[in-house]
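What follows is a short report on a single structure.
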Amino acid sequence: MLSTIVFSVLAVIALASGIAVFRVDSMARATYALAVSFVAVGALLLMFDLDYIGVITILMMVMEMAIMAIYMIMFMGMNPALMPMSMVHNKRWSAILAVGTFLLLAGGALLVPWPARSGSPATDLTASLGEAIMGSKMLVMLTVSPILFATIVAALVLANPRGRYDRWGDDLQRARPDDPQQGGLGK
Amino acid sequence: MTLQLVLIAAAALFCVGLYGALSQQVVVMVMMGLELMLNGVILAAAAFWWFLAPTPDGQVLLLVVIAAMTVEMAMGFAVATLLHRSRGSDMTDSATDLSG
Amino acid sequence: MGLRASIALGAVQSIHVLVVEVPGWGATRMRVEAELARRGWTAARSPADADVLLVCGVPGKKLESVCARIWSQLPGPRARVAVHNASDVASGLEKAAAELLDEGRQQGDARTRSHQPVEASDEIEHVGHGGSEESAEHSKPMDMDMDAEMDMSMDMDMPMPGGIPLASGGPDRDGLEMDVLHVALGPVLPHWPAGLVVHCALQGDVIVSAEPDVLPAALQPNNDGPIGNNSRSAHDERRSTVARLSDAAVQVLALAGWSYAAGRARRIRDEVAAGTALVDVAADLDSLARSVSRSWLLRWALNGITVGDAFANTGEGAGRHEPETVRGRLIGWLDEARRIARYNTEAYESPDNPELQRSLLDAIPQLLSGTDVATARLIVASLAIQTAQIAQAREPRT
Amino acid sequence: MTDAAGTNPAWALLAPVVLGLLALAAAALNGILVARAEGRTLRSGAAAPVFEVARLMRQRRRTTVAADVLLWRIGCSGLVVVALLKTAVIPVGPWVLADIPVAIVWFNAMDVMVWAVVWLIGWGANSAYSLIGGYRFLAQAVSYELPLMFALVTPAVAAHSLRVSDVIAAQQELWFIVWMPVAFVVFCLSVVAFSSWGPFATAASGDIAGGILTEVSGVDRLLILAGRYALLTTGAAFAVALFLGGGAGPLLPDWLWTLVKTLLLLAAFVVVRHRLPEVRPDRLAEVAWMIVLPVVLLQTLIVSIVVAVRG
C-alpha cells in the first residue's frame, strides 16, 4: 500500500513536471521542469530496486539539463523575465496524435494479459548488472561504446567551425594556434 | 503498485513527450520532447523488467536506452549549433529544405 | 540584552562597506581600505553585499545619480557616509556603525523606502528600462545613451517583461548569432578605476564592443591624492609613487584571484601611506616581487594577456617589439617600487600625464573587443588609468 | 533500497549538527587566516563567521527587477540541501544514515546537482554578472567532472564495491591514498572546484562583482556561503572514507579518527585558498581534458590491473 502511494506521488510529479516543460513561460523553467521529471523517474527506478540505474539516471539527466539550459539561453535568448512564449506549430494535430497514442498504449497496458513473473531479482543487482555487462551481454556494450565514440567525433565535427588549418595556418607552421580564446596548453 | 499502473504512467509521460516533439518549433524544445518520450520508455522498461522477468540481462536494456539518450542529446546539440551557425535560426520549419 | 540587540551587536563587528571612489580621491580610498582591514570589516563587492555605502570625495552630477541608484540597491539595514579627506575616514566609519545599530532609524528607513524590486547591479547607469513601475525612478533627469535609446525604439512593439527589452541578436566571434546584452562595466566595481564606465555590448561573457567614459568629480580634491598637490618634496614624491605602484599591483593581483598576494601588496601600500620608512618596506616588496614572478600558476593564468600597443608610443614602452603583457606590467610595477624604495631614484613614469591617460582611455575599445570579461578586467587594471587627470583635462568642455 | 544496518535514528539528528559544526570550524579557520594576513588578533578572526552570520540574519533579502524568484530561491537553498544529501552516505565511525550499495554513485549524482543549483543562483537574479558566474561554474564543471568520476571509480574498483563501508573495509591493510595518489589529488581538487572555493572560485570572484553572489543578500547569501563550506566539509569527509582509511587509526575510537582526519583535510582545503591565484575555467578546460583525464584513467587502469592480478 505504501509503495502505491509513493509511486503515485512520484508518478504525478514526473508527469506534472513533464507537462510543465511545454507550458511554462521561461526556458530555464522548462529545462528544470524536465530535470525534475527525470529525477522523479530516477526515484521510481529506485523503487524497483534498480539502485544503480536509478541514480545514474538522476546523475546524467541533471547534468544534461544544466548543459541544456545553456543551449536554451544561447539559442533562444530569453531573459529570466517570464516572457510569454508560444512557439508551436500544428498544435491541434499534435495533441490529437498524442492523446490517441496514449489511449492505444494505456488500452494495451490494461488489456494485454501479462504473463506471471518468472525468476527473481538477484540479491545484489548492481553486481549482477556488472556481471551481465562483462559476461553474457558484453557484445551489447562493445557495440554501444564505438557508437558513443563516433557520436563524440561526429558532434564535434558538426559543431566546430574551425579546422586545424584555421588554427595553425595554411602550412600548419604557427607556433601557437590562432584561437579566439586561448586555452591552457596552447595546443 | 501493479504493472498496469506503471505502464499507464509511462504511457502518459511518453505521450506528453510526443506532443512536445511534434508541436514545438525550436530544435532544443523538440529534443526535450524526445527526452521525455525516452523517459517514459525507461520507466516502462523498468516496469517490464521488475514485474515480468527480473533477470540481470534486463538491466542492460535500460543502460542502452540511457546511452541512446546521450547520443540523441549530443547530436541534437551539435545539429542545433550547426543550424544556428548556418542560418541564424533554430526553428525546425526553417530546416525543412534539408529533407530535400 | 535581547536577542535582536545582540544579533545587531554581532552584525556591526564585521560590516561590509561598498566604497565608491570619486576620481581624484584615490588616497582617501586607500585609507578607507586600510581602516577596514584594521577593524576586520570587509570591502563589499556589490550593493547586495553591503551594509554601508561610503563615497570618497565629491561626485559630479552623473556619478551622484549612480550613487543614488546604488543606495537604493543596498538591502538594509544600511548607512551612507561621505568622506572628503583621509582624516575623516575613522570618524565616518564610526558614524556608519552607530547608524546601523540605531534600530529606530533603520526601521524608519525600511518603512519609507520603496519596496519595488531593485535593478541588478549591472544596470548601474541606464536606461533600457521602460516599464511603468520604474517611471518614478526615471522622473529624475537622467541622460540616455544613444544606443539604448535605439534599442528601446526597436523593441517598443515587443512585450517587455519587467520593462526590460529583449536582447537583440548579432553575429559573435565563433560565427554564431548570439544575443547582445548591453552592460555597463563600472563605475562601481571592485578593483576598478574610479569613475570609469565602459559601456559594453556582451555576448555571453565576451565583449563585442566597448565604449569608455569617465564620470568626473564635482570639484578638485584638495591636497589629497596624487594630483592637486604641487608643494611636495622629492621624498613625498617617492613615497606616493611607491603607494601608487603597489596599489596598482593590488588591483591586478586581486583580479587574478590571488587574495593572499593582493593582501600583502595592500599592506605594503598602507604602511607606506601611514608613514613607515621606505627602506623598511623594501624587504617586503622584494619578497612579494619574488613570489609573484615565481608563481607558475599566475604565469599560466595570465599567459598571453597583453595590453597591445597601448604603451608603444610612451617612454615606457618605446622600442619594444612584443606587446607588453599584463604580467609584465605587474612585475614591472613591483620592480620599480622596490627600486624606488631601496635606492634614492626618481620615479620613472610621471603620474601627471593627462595625454597618456587620455590615450589609454582611447585604447580601451580596441583592447577589450573580443575578450571575455575576466580578461577585460585584467587589461583595464593593468592600464592603471588615472581617471582623475582625464576628468580634469575635460573639465573645461563640460 | 537501504540497508538498515548501522542506521541510528539519533545520528539522523546529529549528522546535520556535526556537518554544521565542521563547516563553522572551516569558516573560523578561514577567518583566522584572513585576520593573520591583515595583522589582527587571531581571536577576532575566529569569531568572524559568527559575526557574519549575525550580519546576514539581520540583513534583508532583496529581489531584482524581473528576477525568476522561484528558481532563484530554490538555487540559494540548494547547496545546503545537496550537502545534507551527501552527508547521508558518509559513515562516521559506526554511524551512517544510509549505507546504500551505490553510495559512491550517489555522491557523484549529488555533486552534479551542484551544477544545476549554482547555475540557478546565477540565472535567477536577472543580472549579467550573476549569469556570467553561472556560466563560469558550468564551464569549470565540465572540466572537473570526468576526472572526478574516474577518481571516484578507482577506490570502488579496488574494493569491488560501490558501498562506502566496503571501501573502508578494503583499506584495512593499506590506505588507498598510498597506491592511488593521483586519484586522491584529483578528488581533492574536484571537491575544491565543486564548492567553488579558492583557486576554483571564479564563479564568485571579485572581477564580476561577486558573480553568483552579486545580487543575493541576507538569508539567501547566508545559505549559499554555508552551503559552500558544507560542500567542502562533505568532500573532505568523503575523501577520508575513500582514501584515508575511514576511521582507522591507533588509540582513538574510529568515529573520532574520522572527524580528526576530516578536519585536517578540511583545513588543507581552506589553506589552499590563501595560497593560490584563481584558475580561469577557459584555461582549465584544455589541461583537464588533455592532461588530468588521461592521467586519472591511467591510475584507474593500474589499479584495475593490480586488482585483476591479485584476483
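Note that the chains are named A, B, C and D in the order they appear, and that numbering of residues resets to 1 at the start of each chain.
Everything below uses one rule, namely that a residue touches a chain if its C-beta (ideal position, glycine included) is under 8 Å from a C-beta of that chain, and two chains touch if they have at least 3 such contacts.
The chain lineup, named per UniProt: B = NADH-quinone oxidoreductase subunit K.
Keep in mind that what you see is a predicted model, and the values were worked out from it rather than measured.
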More contacts between chains, A-C or C-D: C-D
Central chain (by mean CA position): D
CA centroid of chain B to CA centroid of chain D, Å: 33
Whole-Å gap between the CA centroids of chain B and chain C: 49
Distance from the mean Cα position of chain C to that of chain A, given in whole angstrom: 44
In chain B, residues with contacts to at least two other chains: 81, 84-85
Contacts with 2+ other chains: residues of chain C: 161-162, 164, 169, 174-176, 204, 300, 303, 372
Set of chain D residues in contact with two or more other chains: 66-67, 125-126, 135, 282-283
In the complex, chain A residues that touch chain C: 74, 77-79, 81-84, 161, 176, 180-182, 184, 186
Touching residues (chain side chain D, partner chain C) in the complex: 35, 37-40, 44-45, 47-48, 50-55, 57-67, 125-130, 132, 135-136, 199, 201-202, 205-210, 213-218, 221, 273-280, 282-283
Residues of chain B defined as touching chain A within the complex: 1, 3-9, 11-20, 22-29, 31-33, 35-36, 39, 42-43, 46-47, 49-57, 59-60, 62-64, 66-67, 69-71, 73-75, 77-82, 84-85, 90-91, 93
Chain B partner contacts - residues on chain A that touch it in the complex: 3-4, 7, 11, 14-15, 18-19, 21-22, 30-31, 34, 37-38, 41, 44-45, 47-50, 52-53, 56-57, 60-61, 64, 67-68, 71-72, 75-76, 87-91, 93-95, 97-99, 101-102, 105-106, 108-110, 114-115, 117-122, 125, 128-129, 131-133, 136-137, 140-141, 144, 147-148, 151-152, 154-156, 158-159, 161
Contact footprint of chain D on chain A as seen in their complex: 26, 28-29, 32, 35, 46-47, 49, 51-52, 55-56, 58-59, 62-63, 65-67, 69-70, 73, 79-82, 124, 126, 181-185, 187
